[in-house]
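Presented below are the structures under discussion, each in the form of structure tokens.
Here chain A shows up in two complexes: once beside chain B, once beside chain C.
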Partner chain A sequence: MNEEKQAAGGIAEKILKTRADQLARTNHSQKPRGKQITVLEFRLAHEIYAIELTHIRTVHPLKEKKPTHIPGTPGFIKGIINLRGEIISVVDLKHFFNLLDQDSGHSSQVIILSSKDMEFGILSDAIHGVTEFQTADIHDSLPTLAGVQLEYIKGVTANGVVILDDEKLLNDKKMIISL
Partner chain B sequence: MFRSITKSIMAKLIIQFFLVGIIPLIGMGALTYYLSKDAMKAEVFQNIASINTIKKVQVIEFVKDRMENLTLLSRTQQIRDMITNQTYQEMNPIFEYYMKVFGYSDIILLNESGQTLYSAAVKKEYDPFSEDLTKTTSAIKGLWDKVISSEAPMMTDIVRYQKNAEPAFFMGAPVYADTGEVFAVLICQINAARISSLIADTADKKTFAANMIPGRSNRETYIIGSDSLLRTKSARSGNDAVLKERMDPGTFSLALAHISGTEKNIDSQGEKILSAYSLVGLQNTIKTDFDWTIVTIVNEKEAFALLEKLKINTFVGMGLFLILVGIVGTFQSRMIAKPINELSYRIIQLNDGDFTAEVPLSDPTRNDEIGMLLRTFNDGSKKFRHQMKSLLDSTNLLIESITRISTTASQLATSASETSSSISEVTTTVEEVKQTSQIASEKAEYVAQSSDSTARISNAGKLSTENTMLGIERIKDEMNAIAESTVQLSAQTKSIEDIINTVSDIADQSNILSVNAAIEAAKAGEHGKGFSVVAQEVKSLSTQSKEATNQVREILNDIQKATSTAVMATERGTKTVAQAIELSEQAGDAIDRLSNRVTESSEAAMQITASNQQQLSGMDQLSQAMESINDATQQNLEGVKQLEDAIKSLEAMAQTLKAITASYKI
Partner chain C sequence: MNHEDIQKQLREAFKIEAEERIASMFANLTELEKCTDPDNRSRMLEIVYREAHSLKGAARSVNILAVESACQEMEELFSLLKNGKIDFTPDLFDTLHHAVGMVETYIATPDSDQHSIKTAIDALTGTLSGFKDTRSSKPQSAPQPMNELPHKNDEFQPAAPTKTFVKNLSTPDFIRPQPSEERPAGSKSNTPPFMRKPHPMPSNRLSDTVRISTAKLDALLLKAEELITVKQTLNQHLTEIKETLHNFRHWKKISEKSKKGLREISHLAQASPKLNRFFQLYDFNHTQIEETNTRMNDLTKSMEHSSRSLGAMVDDLLEEMKKTSLLPFSTLFSPLPRMIRDISRETGKEIELEMTGGDVEIDKRILEGLKDPLIHLIRNAVDHGIESPDERTRCKKSPWGTIRLSVVQPESNKVAIELSDDGKGIDIAAVKNKALEAGCISPQVAAGLSEAETLALIWLSGISTSTMITEISGRGLGMAIVQEHVENLNGLISISTAPGRGTTFKIEMPVSLATFRGMIVSAAGQEFILPVAHVEHTLRIRPDTIKTAGNKSIIPINGQAVSLVNLADILGLPQPSLPATQGNRRDNATLSAAVLGSGKKRIACIIDSIASEQDVLVKNLGKQLKRIPNISGATILGNGKVVPILNVNDIIASAAGKSLPAVMAEAIETFKNKVKKSVLIVEDSFTSRTLLKNILEASGYLITTAIDGEDGYHQFSSKSFDAVISDVEMPKLNGFELTRKIREHETLGAIPVILITSLDSREDKEKGMDVGADAYIVKSSFDQSNLLEVLERLI
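Up next is the complex of A and B:
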């Protein structure tokens, strides 16, 4: 009985230690190096992308409401949503970037990008959160990348997060559709 | 042996054929010969008789003719004148003419006193008175006497008028003078040879008809006088025999008595002859004082030459026939005798025990009795051979069988003794069985008792099974209650899941809220730094709550799985209970059946007891039966001994039979 008690105690101790390790946060901002940028990480298909907060207006959960499809628009425009009385068009970057597995998972959140000329939403599969990067850590985009993607990529972090160029996206002529 | 048989049967057959051929042949030949001989004899006799008659007529005619001619001459004027004038010489040519024409040897003229006046043959005028008539010949003298006395023409017998003279006869006729008185006698001399040639057959020999007449070549006719002396020539006697040779007077005396006829006799040379005879009849025709007998004879041998030839031909023919008969007979005999000989030889072989004999068939298609006989013999021999063979085989088989029977009999004897001992054992065994059945009877009673107690125990078992069934029913109810509870639990976990989903949504929304707060904080710049920390904290909380919900959801999943397992387990439990009910029912049935069986076995044990009683009495009977069997076995043993003796004698018989059959060659 004593042995069992001891073993059970051992197991409980182990569990507690693992939890503590999980909960312990490493402080990244302890040693800043050069210029720092703040980005919003999100997931598209199986890849993690990030956009600078500069042009992000807000993140809006889609829940069950799917964007209303508008006929005669290209495939990457998913439709329009009503954001607190404001009609905003939604772009599917997975489609736009020709990513594989376009329809896997349900895009539950819309990231609203806005500039003074342009405003639209981007569909994301999951929001990871706001993170800060040192610009020094950002590498240029991979030479192997090519096509549409390459134009809108600012760089890739050491963690493999692709940082999108929000300015280019907002100023892209392709996004403007005239019916 | 074979040779002699061949000879005998062949010879017999050939002799029989010969006899069959020769008897009618000889009979017919002989009959033909004698009938022919008689006919021929008659023919010959008739022939010579007619020849005899012809010759007789010829002789009479000849004599009459000469006599008439002489008479005519004597009455001529010239003769008278010649005598008157004595001109004999002048008349000579007339005489010569007559002599030539009529065959006179001499013409003599005598005067009334019997003196010779003239002889034409010698052309001499005789002195009538100087010459004595008697000196010349008594025959002429006699004739003269007769003529003078009778004054009629007369004739003499054939005589030798002189010594060494040819036999001749004389005719005389009276010469009348103008005055009417006889003054001379004219005599003519005719040679006997004339008559001989007249009656001879020489002239006929050349004709065809002559050759057809039997005995013609040898036939002759002659004349004899009343003194039985020959008057004409005979081929048998020669020329000198005339008037010397005396013929058989006995025969011809009949002719002298005017009887003509035929007869068979032997001539002077001892040859057999056939003769016909008759009286010439001169006395009747020309009034002579003598007469002749004319005889025609023929050599019998010659006459019957044809018959002889016939005889010879017949014999030759017969000989040929006999040869033919011999050949045909031999051939036929061979045809008959050869197969019979073969057959007889085979039969002898058969008799010696050789059955391989088969008669070779020279003509297999021969259909007569012999052919059939041979074939039948062959068939029979074959059949017999087969039968003998089968007999031999059977004998061998018989011996083998006897040997086997003998062995079997020995075995039987052994078995019988064994049986005897076995019967003793069986008797003992029967006693044992009797005892055993008594024990069995006791055991059966025990079984009956024990089956009664078993029946009681099984009833108790039945009660227990019923109780078990009740308990199981209760377990079933409990199981149902458990199942219901589990289902309820499952529903409650569902509602927990809903709550968890709500919490998860809240976590998600607070996450987004934290992001928006961070965005807003970023927009606020330096002033928003604190707010940024708060947003970070909010995000951390939402993450934690999300993780917690995840853990709860996992736990809930485990619970759901456990409840599903529990549901399935209860279901299985329910089924198991149902099976248990079934099994216990079966057990109840089984116990019921067991109870029944026990009852039955109890009854059976009772029956066994009864049967045992019967068995006991049966065993007693069996014991008695065994005793009688034992007696029978003893008798059997004796019988087997007798059987062995019988088999021995049978074996001896079979050996004898084998020896007999072995002597046959098959």
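Up next is the complex of A and C:
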């Protein structure tokens, strides 16, 4: 199983690693200020989000196979996908965050978030790559963000990237579907 | 499997359990000794108390009396400690530690060498008992048993201090001289040397079994199961390759034809060098096509071969893997006689337990899951079913009651368990009254309930227990939980009772948990899997047979009214109109439905269509989707598609109160006037014929069958059909000849003809086309949707 994961996730990881390395190099010249976090940036509707790499298991392309809808689940559960023989549920954050603009159908990638007790994928419209941020550069909140989202957000960077709170998403009771 | 084997197996299981419990007791005792915080103390005390209790129970079930009585004493001591009746003293801890160690040694010792330790353990039991008797006063007897350890190996002294525990010994084995090297030299220490040291195991006994953690075994099983998907994928690819090959052959044919044409103008090439080059190029191309064709043929053949052997290997591997997790029912049976004896003694009843089918094997996980429900049912039977001897005599029954537990395997993948007693049966009126009292049903509902329906109330929680609470069964599980346990394991449970003659429970379980036969159906355009075990049959419903009763839709099935629901509706899928009108078969005059059964409940469920049946590997829905109504899991098909598996129990429950919505009722009306297409099936094999007939009828075709080519032609010319489906190899008139004859028919010759054959040869396919068949389907690649699709296209 591990080999399988590595093999399939290998390409994505390789790209991410190269990017991370490049970014790490450029950052090298700058003086590090405070803590640094490494995040994966992705686009969701018209906003750029980022999520720390800590809990990202892999990034899985959706290709032509849409997630299989599971009747009876809340709207933010997009369905289930086959991740190399394993079933993983996929969450549509656009729906979960009540983003008004919900043009679906363009989602191309699933970012698999995983912790000991929880695992799900989140849909993304496009993956932008791996970046590093100084925690000092992350602002606490942005008043323009909708209320429902705030609890799932760690902060916003100067150039408007919304850093999602991966722990909160993974531990949120609302995410567990037990009907 | 004989009795000895069972005992051996049980003891092995007991050893594993005991090891865990002893480890926990050691750890907690040590902590307890160090700890001063009263809260923590009571928490740990509770743990050791429970461990001692459980170990006692386990020891009793394998009849290791020495351990049982030692644990009994420890349990009582812990209980006294808990209640503050006695105090913690170092002596007490020493003795407890010692006792646990002794139990450990005893269990780890081969049976033949156990006498020495048995005596020691019995001595300790006495000491433990001493602590209890002396209560908070310092037990003067504490060190005494330690002293006893050494001297009991010299000779047993039936003196006063040991007397208390002699009664626990079933056999006076210990009186025999003990092998001296096993025993410690006389020691006043509280921890005799042999207590902590593992008992020397005879080195010549190489075990032919190994202990593997179930987690590892399960992981292995899952891996093996995963191979099914690989196998299916490979078959899918093979089918695709064959299709490509088919197209390629067509290309080759065209090339051959044009080559013939070109030959006629080949003399022109001599005049023009450019044209000559073209001819050369063309020749080269044609040779390449031929060579590639041959190569592809060979490759396909070898791939077919590999696929077959891989498939067989995967099946074998999975079969073997599954066997590793199969256990015989005897492991479940063996503690039962003792249990029955104990309960019957408690209740003053005389009961005989008859058990058959102990050698039937079933998945370990299922067996474990069955244990509690079965024990509960047996306790119920003893407690409520069987009458007292006096009462039985009054009823002119034999004074002793009989409980029969039989296990049979009616099908290779199914196990049927029947538990019956010859007691007084269940008082149906009392059940109804209790249900009314408990507020589970309204008086109006109660009045309309049939006997069977009333009996089914017993499964509701809050009823069974309150009707029957007693010392024995009151503390067990409710019947609701029994049912839940069984159904969670994909089993079915049903009950029948006859007043004065007894009660019978029937439980049907799959042999293995992992795979089952699944039927791929679709609803609102989405595919789902129905477990075949829960599908009684599939049928086509003529809309005019649908009746409405109250707000329910009902159809008659075998003379019984069964409520009819729409699967898409139950699942909450948007469905603007009737399912079948959405599909391609607009001409269908009937609706597809599956009759689902769980226990005695059954419903008919309208579905869009039925695609095929296959082995399904259940996967859970991942960590996020803990429980979804109506969906029990998902599976991955050979083509990588993820399909949800339906939970029939849920669906039947959801169906209650649902009926066909008005929009469907309307659609049904407009639907009634359509005409069925009729198809003639010519097939000499009875099985194939029936299969085809069922598939097509389920899809709404009107079917006529013929048993060979001649019969087929006769039928064909005497009636009007929309299509003919024929086998190729048949007596009298084969499929090719039949097709040719049909084509020669003056008026009906244009009818679509589909040939179905096991001959997968190019020549035959071409021959089929030559005689004028519209389609040629090879049986090996045959799946229902393929045929239905072809048929739809042609008609």
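Keep in mind that, in the parts below, the second predicted complex is superposed on the first by the 143 of 179 C-alpha atoms of A that agree within 3 Å, B and C clash if a C-alpha of one lies under 4 Å from a C-alpha of the other, contacts with A are read in each partner's own complex, and residues count from 1 in each chain.
The rule is simple: a residue touches a chain if its C-beta (ideal position, glycine included) is under 8 Å from a C-beta of that chain, and two chains touch if they have at least 3 such contacts.
Given the structure is predicted, the values throughout are model-derived calculations rather than measurements.
By the touch criterion defined above, A:Gln109 reaches chain B but does not reach chain C.
In the superposition on chain A, A:Met118 makes contact with chain C only, not with chain B.
With both structures placed on the common chain, the touch criterion links A:Leu53 to chain B but leaves chain C unconnected.
When the two structures are aligned on the shared chain, A:Leu62 is found in touch with neither chain B nor chain C. Touch criterion not met for A:Ile37: it reaches neither chain B nor chain C. Looking at the shared chain after the overlay, A:Ala45 reaches neither chain B nor chain C.
Applying the stated contact rule after C-alpha superposition, one finds that A:Ser89 touches chain C and leaves chain B untouched.
In the superposition on chain A, contact of A:Ser178 is made with chain C only, not with chain B.
More residues of chain A are touched by C (comparison of chain B with chain C).
Considering their complex, residues 223, 226, 229, 526, 571-573, 619-631, 634, 636, 640-644 of chain C touch chain A. Touching chain C in their complex are the following residues of chain A: 1, 65, 67-73, 77, 79-82, 85-89, 91, 117-120, 175-179. The touching residues of chain B, when paired with chain A in their complex, are 508-509, 511-512, 514-516, 518-519, 522-523, 532, 535-536, 539-540, 544. Every residue of chain A that touches chain B in the complex is listed here, in rising order: 23, 25, 38, 40, 53, 56-61, 108-109, 127, 129-130.
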